[in-house]
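Accompanying notes for the structure given below.
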Amino acid sequence: MNFRTDLALERHELSKEKDSEGVSFQCFHEEGMTISRIEITSQKGADKLQKPIGKYITLEIPFLKSSGDILSPAAEILAREIRSLLPSEGTVLVAGLGNDKITPDALGPECIEKLLATRHISPEVAQSIGFSSLRSVAGIVPGVLGNTGIETAEILEGITEKIKPCALIVIDALASRSLSRLGTTIQMCDTGVSPGAGVGNKRSRIDEKSMGVPVIAIGVPTVVDGVTMTLDILEKAGIDIEKVLHRNQLSIQENVMVTPKEIDNVITRAAGFIALGINKALQWQLPLEDLAAIVG
Amino acid sequence: MNFRTDLALERHELSKEKDSEGVSFQCFHEEGMTISRIEITSQKGADKLQKPIGKYITLEIPFLKSSGDILSPAAEILAREIRSLLPSEGTVLVAGLGNDKITPDALGPECIEKLLATRHISPEVAQSIGFSSLRSVAGIVPGVLGNTGIETAEILEGITEKIKPCALIVIDALASRSLSRLGTTIQMCDTGVSPGAGVGNKRSRIDEKSMGVPVIAIGVPTVVDGVTMTLDILEKAGIDIEKVLHRNQLSIQENVMVTPKEIDNVITRAAGFIALGINKALQWQLPLEDLAAIVG
Amino acid sequence: MNFRTDLALERHELSKEKDSEGVSFQCFHEEGMTISRIEITSQKGADKLQKPIGKYITLEIPFLKSSGDILSPAAEILAREIRSLLPSEGTVLVAGLGNDKITPDALGPECIEKLLATRHISPEVAQSIGFSSLRSVAGIVPGVLGNTGIETAEILEGITEKIKPCALIVIDALASRSLSRLGTTIQMCDTGVSPGAGVGNKRSRIDEKSMGVPVIAIGVPTVVDGVTMTLDILEKAGIDIEKVLHRNQLSIQENVMVTPKEIDNVITRAAGFIALGINKALQWQLPLEDLAAIVG
Amino acid sequence: MNFRTDLALERHELSKEKDSEGVSFQCFHEEGMTISRIEITSQKGADKLQKPIGKYITLEIPFLKSSGDILSPAAEILAREIRSLLPSEGTVLVAGLGNDKITPDALGPECIEKLLATRHISPEVAQSIGFSSLRSVAGIVPGVLGNTGIETAEILEGITEKIKPCALIVIDALASRSLSRLGTTIQMCDTGVSPGAGVGNKRSRIDEKSMGVPVIAIGVPTVVDGVTMTLDILEKAGIDIEKVLHRNQLSIQENVMVTPKEIDNVITRAAGFIALGINKALQWQLPLEDLAAIVG
């Protein structure tokens, strides 16, 4: 059965083997979250999980979608995990992919609104406003091919060649197989991203190979396709799908992507949380409360 | 099996009988649309369709979701159908129900933005801007109980008592059983509405009984609940649901409402189309093009 | 010279007499703000200040426009002053006047978005979420006459008759004579408001007489008309206006209202601050931090 | 007296000489607009008008701010004038400068929303949707330095090097000396732009020299500074400013930029009109009505 998903963790779950050649898996609990680390170490593992060779860190945060509570401890851990994937110094360029006029696709642009961009702040100014040493951070919202006529990869290559960052962070909305993951799971990986791939478009890949610097992708599932969701609901109800269905019976609706009714709130919460995690990962010396206040 | 839906037409489809006691059904095609008229004439019919006694007109407009074409002929027909439900003279109060900050719920508020309100325009001013006789129209966005602390019914009763309209039109987002109806079907009825009922909330009903004047409800499905969608997909794939599933197996996810990824566009298109239909229904003497230009 | 202003404080400044028959004036400093209390006690005073008989409290808060600092002490004082104008118990209806699509006019609607409406929360629910006793609060955004066809006064009368509040708070954007007051001054009064009066429209007055309950108006200047601004700039430059100008020389541009380039931020800050003040005034028993967190 | 303005036409008016060395001036009326062509041909002219050597075309369109009428003839003329400044073939990159969260600064970003980007549409697809030959157009919203940490010039250089356009169009909000020009005047020039210069910031210049391709700047005044406005109002009232004022008397408020109360509408109208003009200039073979329908 074809479950469409951008999450390495869901691919791993579907494989039904805890460990296998070319894939290592580790999972633990911290501050109410479940943290998984998957490493795909060979092409055999990549073929099995249908994801490129590299590291995938997943945070399952059930309370992210609904909570009004202070998420500081969780944000500290998110920052720590992002930091583990980044070079320790140099300018970082953060790109918010997606279309800010399509709510479930606006995760990236909304994150950039809350990003603490510092590349233009001189050390003197930084000191005068109470920040002794700020790491250089730049942000960009490249837009989407349909509106700009330019591949996101082309835009990011152009800017990367100009400002020479040490690494690129790209933020994008993802597809998952399960409704319950929408707005509650964060995936970070060092393998980059193919804009629009999760919703069936093939585009120029944004990764270390194309950009010339490490590319960290951060994403949250915000959509699920109708058939995947149906299969997932049946499976969770304990029904043996293979017995009931032939693959092609459902194919006609395969392209209908759905999102929760509360998607406006889901995006606002997830974008704010990720922006705080990135800001803390990049300005490790600053207290989280100060960053939370700046971000607002 | 429990299909959740606000559409009388879907209830009628589910009943699997074309005609039955207390329910009359008529269906025809016009300008690319399918138009259905259901009349529930007795409590027996009401029980069968789980809807109050009254008239239900449904327009199925497959091109509404996606088309950039001029929808003028369809809008003329929508106007004609709305008009058939309204008294021929007197002030009409149009209320846009729902939460304008939750995209799938913003249909009503977005319609009111494009409503041609005229109650405050004196005949002299109307004449001076080239409109010889404008019907008196008022509009209101009452908000939602969670934000205002006031039942929508209370707000509308208060305003109705003050401005004494001859009829009330209420616009609201609906739930359907089928993904393919989202943003493509318009239901008009003379039985009023229960705000939030489609998504499981019970509220004070807004109808002729509570308001003291005829209440015409106009709605478009924008959400479907996960289980209903699953059942619908299975049924369309030709699977005998009763054989496969027990009712309670799926109950756990019953409250997850989903909406299409393109909901922002769906709302914009549907709201513009309905506003044009209402404006034309109420200013029947004005050419549709002029109204389309005013609405923008 | 004709300075257009909605502020009693500016009228008092222009009168150039500290105290006069029918007008009492008191002024003090607290937490970085200047607080003025003007009471107009007779028609003679009303004629002099061109404002109705009643109490006017003005907070001058230079840091409101620009500060990212915590405004808690100022918000506590705002809450205290609002509270001094309100009955001590009973439901309070808060109305956010103005047009939410015109940035400088969106103060009222933005406040209501952040209002803690509680009228629909039962004591049991309130207790279960940790609030032992919530005062009953309702909120409404009535829209503007040009869009609704209904006078704001009519809408508020209708709702007031329905829900019987003990008092009405109306929030509206004001006009001042001075650019430097835009977004930095809050006026509260017990004399009500005439929607649109500050920008030259005459509308049905919203006050204790028309509503049948006390009406507290809270406003912030967000616009100044071009000529008033010119006169104000000349006066502050020490130029004797009467010598230089005849009244009619400038009349032609009298209707051009201007607002600061940063008006989006001005509205966001002022609306958040006033909402916090109102929420605290009405839920006096709750800590300000909790209310600040709820409001977000 | 120091009038702050980005308009060559206002500089020319202030110089009080119709023609002078290094400056040629031509002015005519067409379709209700006043069209001026200023050419600065020498450094002497550049010094006099405080603008770089090059061509400046200005359209004064009094009805742009308020009209609901069809602006087609005016849009045709705008298209013709833009076209006169552009190479006749090759990809054109259009950049919408400014901050989309600050209403008076959102002109550029709003234009790009309505741009017909075509660079990604293959000739086959173009033909299949009824367009026999589309000129290649790309669009970008680079954001502002304070949010991105990257100079707009750097972003545009990076993208320009990547996609090799034949020319760059940059759209930006301007400052004028006169309130009456806000939202009613369009300046086009071939001398490029300095982002933020109109409001007192010095930034890397975006022009043919820095970009390596012709740069056409299109702008509309949306702000005026308080002192300039005061001087302008006094001058129009027939007052001899030099007699009344010393330059430094007003300096203290020099940085307060103001915008009309109706700025939201001003931006929407101007952005739609410019986008239509650009789309027509670049797809000269397509009828204006078709482009107006696409843009919406």
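So that you can tell them apart, the chains are marked A, B, C and D in the order they are listed, and the count of residues begins at 1 in each.
Basically, contacts are C-beta pairs under 8 Å (C-beta built on N, C-alpha and C of every residue); 3 or more make two chains touch, one makes a residue touch a chain.
These numbers were taken from a predicted model, which means no experiment stands behind them.
The chains in contact with chain A and with chain C alike are B, D. Chain A and chain D touch with mostly matching residues; of the residue numbers seen at this interface, over half occur in both copies. Rounded to whole angstrom units, the spacing between the C-alpha centres of chain C and chain D is 37. Residue positions of chain B touching 2 or more other chains: 101. Contact residues on chain C toward chain B in their complex (touch as defined above): 101, 112-113, 115, 117-121, 136-143, 145-151, 154-155, 157-163.
On chain D, the positions that touch chain C within their shared complex are 101-105, 179, 199, 223, 226-227, 229-230, 233-234, 236-239, 244-245, 249-250, 252-253, 256-265.
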